[in-house]
Amino acid sequence: MILWEREKEMYIKSNELSKTRQLTWYFIIFIVLMIIPFIASIFWTNLLTEILIMGLAAMSVNLLLGYGGSLPFGHAAFFASGAYATAILIKETNLPFAVVLILAPIAAAVVGAIFALIITRLYAFYYAIVSACAGMVLWTLCRKMPLLGGDTGITGVDLPVLMSNVKAIYILTAIIVFIMMVFIRVLLNSPFGWIQQAIRENPTRVTCTGSNVLRHRYIAFVISSFICGISGMLFVVHTQSTFPSYAHWVKSGDFVMICILGGMNTFIGPMVGAAALITMQTYITSFTENWLLVLGITICLIVIFVPSGIMGLVKDLPEKIRSLSRKSNSERRFDRMKG
Amino acid sequence: MGADVWIGLLIAGLSRAMIYFLLASGLTLIFGVLNVINFAHGAFYMLGIFICYSFIKLTGSFALAFLLIPLICGLVLGGLTETILFRRVYKAEHAMQLLLSIGVTYIIADVVKIIWGVSPYSTDMPEVFYGVFNLGGIIITKYNIFIMVVSLLTALVMFAVLYKTKIGSIIRACTCSREMTCTAGVNVSRVFSLVFMVGVGLAFMASVTAAPITTGMLGMDTEMIMIVFSIVIIGGAGSIAGALLGAVIIGVIESLAVPILPEFAEVIMYIVVAIVLMFRPQGLFGKVEA
Amino acid sequence: MEGTFFEIKGLEKSFSGLKATNNVSLTIRKGEICSIIGPNGAGKTTLFNLITGLIKPDAGNIYFLGKDITGYSPVEVVRSGIARSFQIVNNFPRFTVYENIMIAIMGHNKMAMRMFASAKRIRRTEITDLIEKVGLTNEMQTLAGKLSHGDQKRLEVGIALASDPTLLLLDEPTAGMSSNEKGGILETVKKIMKDHDCTVFLCEHDMKVIFSISDTIWVLHNGAVVTNGTVEEIRNNAMVKEIYLGEAE
């Protein structure tokens, strides 16, 4: 029994240590993020803004994809909802900017709550296709409803004077994305987050232990759509315009791809994936028009050769190196035997 | 609006439905047997329309196009895609399979752009199909008859092969349980290749059949794939009868919605999907998940 | 009915014409170890699934502590105080033993919606105590999928126990175990019964196990209850021997 008490104590201590370590990391990352616009060029600041926004959208998708075991292929709908809500509220009403920032993601969450009524009852491919269909409904609405600007979208969204420069937009984005990422991390470490992962592993057993799986999937979906709406809103702040293509399933597919590229089984994977993809896209589109071809080939290569993504590779690297050296040792022994 | 207008719309809807059926049957076959969702199906369709245009420009013969393109493209492109790409993800997570097929879609879309450019292309209606039949006041074009005959024949052939031949029962066995069929000594991977090629061949058959009335444009792949998926969902994944019924429902609704709500025909379609799924989450003819 | 601990009346369930449960009626008394036996395919697991709400009966009623719990969903059944372990191991293989029990405890305490607590810090004593009760303290940080079969069965019992049940259903708890392991888990079950004041309803194939611990035995054959009685009565029952011809210990 004494041994057991000691083990419990060690377990508690290890967790507490990591809490202080975690907070230190949060602090460092925040400081670094805030310094960047003052040392980097406008080009890179802009790029980083876009990476943070797309990374946040991908993280919202990964809540359901990597951690929830679902296939959300329609999240562009919530990205677009947040975007259009922002654009319309700014152009058509006189609400203060801060209020718009609060209302827009709520609009996305409302859309998410409606779609989730059907989607969260489904599993696997049905979930994927229906969420894609739901996204396309929004796409059609964005194109056809005159209120929403039609095919040409909405442009010329004015920002308050304070926000009318790249640095300010970046800082706003960085602050909001940072807060949301801390929120997501807290969420994933909470009972809510663990039940989410348990549902991914074995939904029947979760039901049999007393948790309401349907309700949980629903709430997780709404939270995810809220966060995705935030990224849509930030994107409008970044580009001062919004277009129907933001709701197309191709965009939803982009989010999923970013998750898988970066590593959907890790927390930071989606953000890394966003960085990789956007950097690659900026570089490649600068000298060729055939970005889709490159993208398609990249997707195929990743899915076949690196399905665990960049962060997955990074995490597995130490083990892979160990096993490689192990193999060569036994190979050497075998060769010696053959003599 | 008179009854004859509605009937005209109905017939147009049924025609479109038949094209949808050809696409949906290929997709549902691939899904039912290989358990893989092929997003690239719409891209194959688009590719087929462009290939048909160029083929007919070169040879002038629609009949030759109709016979050769589905066969050769199904064999070559279907076989290549399956062997090089899809085969490696059978055991992977669903997300990977979906993403792979999206990657293939992008590749095909850009290849089409590279070869044919961005302008739309139209194949002319073959002379053989000029003219209409008049059945007691209802006008049906010869072309409509052609589409319906082709689709119904295809459906009949599929049912016959699946239920009356040895290879058909092997395919149906794979749908139920891959492992059992393997242990029964069947070369499952060859069956998979065959089914994939047939599925893709069906997509190209849909292209050739639709070519005379469809303008080939970039972006039609993403449009089409959503419709075809909705049909597969409504009909039930893996069911050919479901694909037929789903295609008819969608085709007719799409057509009849034109005079009423022209802008929102797609939305109506998605609402139909939602309604069907609320009452029967596995689709009309689908099997219930154990 | 009023007053009885647990009772099933006339339960029926068919699958595509095959009657898996045929007019089954049985009672369980509080505090006893009640067993149900029957050859493969007799319908034992179906019965368990019906009781725990995973499938809905075609006809008949289930009563527990005076309440009619027929048709309850699995969540409602667990909340009423009935928990169940699975015959084919049904845990979270990529989670550690600690995390497995943690999920079950969270389910019991309705914590699924708590978003701002750290999951690994709460209810720690409860979770570790439970792990201790099923004898898995040494494997606390081991992934469930990597446990030995016997330990996985212990984990099964642990997950069920986390719901603090009044009635514990054990579906073949000793299946696939060596005789040493079997003795171990039976001791654990008896201790749990004493500490938690719960009743046990188990189904098993191993006759030695059944005869060694049961208070009452029910016999199921082709989905119907054939007979019931004490260990002595069933041991000497000719019909039971016939049913088990070829499977006797």
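Chains: A, B and C, in written order; residue numbering restarts at 1 for each.
In this section, a contact is a pair of C-beta atoms (placed from the backbone, for glycine too) under 8 Å apart; a residue touches a chain by one contact, two chains touch by 3 or more.
Not measured: the values here are computed from a predicted model.
Comparing per-chain C-alpha centres with the mean over every protein C-alpha atom, the closest match is chain A. The most distant chain from subunit B, with centres taken as the mean of CA atoms, is C. Computed centre separation for the pair subunit A/subunit B is 33 angstrom, with centres defined by C-alpha atoms. Each chain gets one centre point, the mean of its Cα atoms, and the points for subunit B and subunit C are 49 Å apart. If you average the CA atoms of subunit A and of subunit C, the two centres end up 41 Å from each other. In subunit B, no position touches at least two other chains.
Subunit A meets subunit C in the complex at residues 4, 7-8, 12, 15, 186-187, 189-195, 197-198, 201-202, 204-212, 215-216, 219. Contact residues on subunit C toward subunit A in their complex (touch as defined above): 52, 54, 73-75, 78-79, 83-84, 86, 90-95, 99, 102-104, 106-108, 110-122, 124, 128, 132, 137, 140, 159, 162-163.
By the touch criterion given at the top, residues 65, 71, 73, 118, 121-126, 128-130, 132-134, 136-137, 140-141, 144, 248-250, 253, 256-257, 260, 264, 290-293, 295-300, 303-304, 307 of subunit A touch subunit B in their complex. In the complex of the two chains, the subunit B residues touching subunit A come out as 31, 37, 85, 88-89, 92-96, 98-100, 102-111, 113-114, 222, 226, 229-230, 232-233, 237, 263-264, 266-267, 270, 273-274, 277-278, 281, 289.
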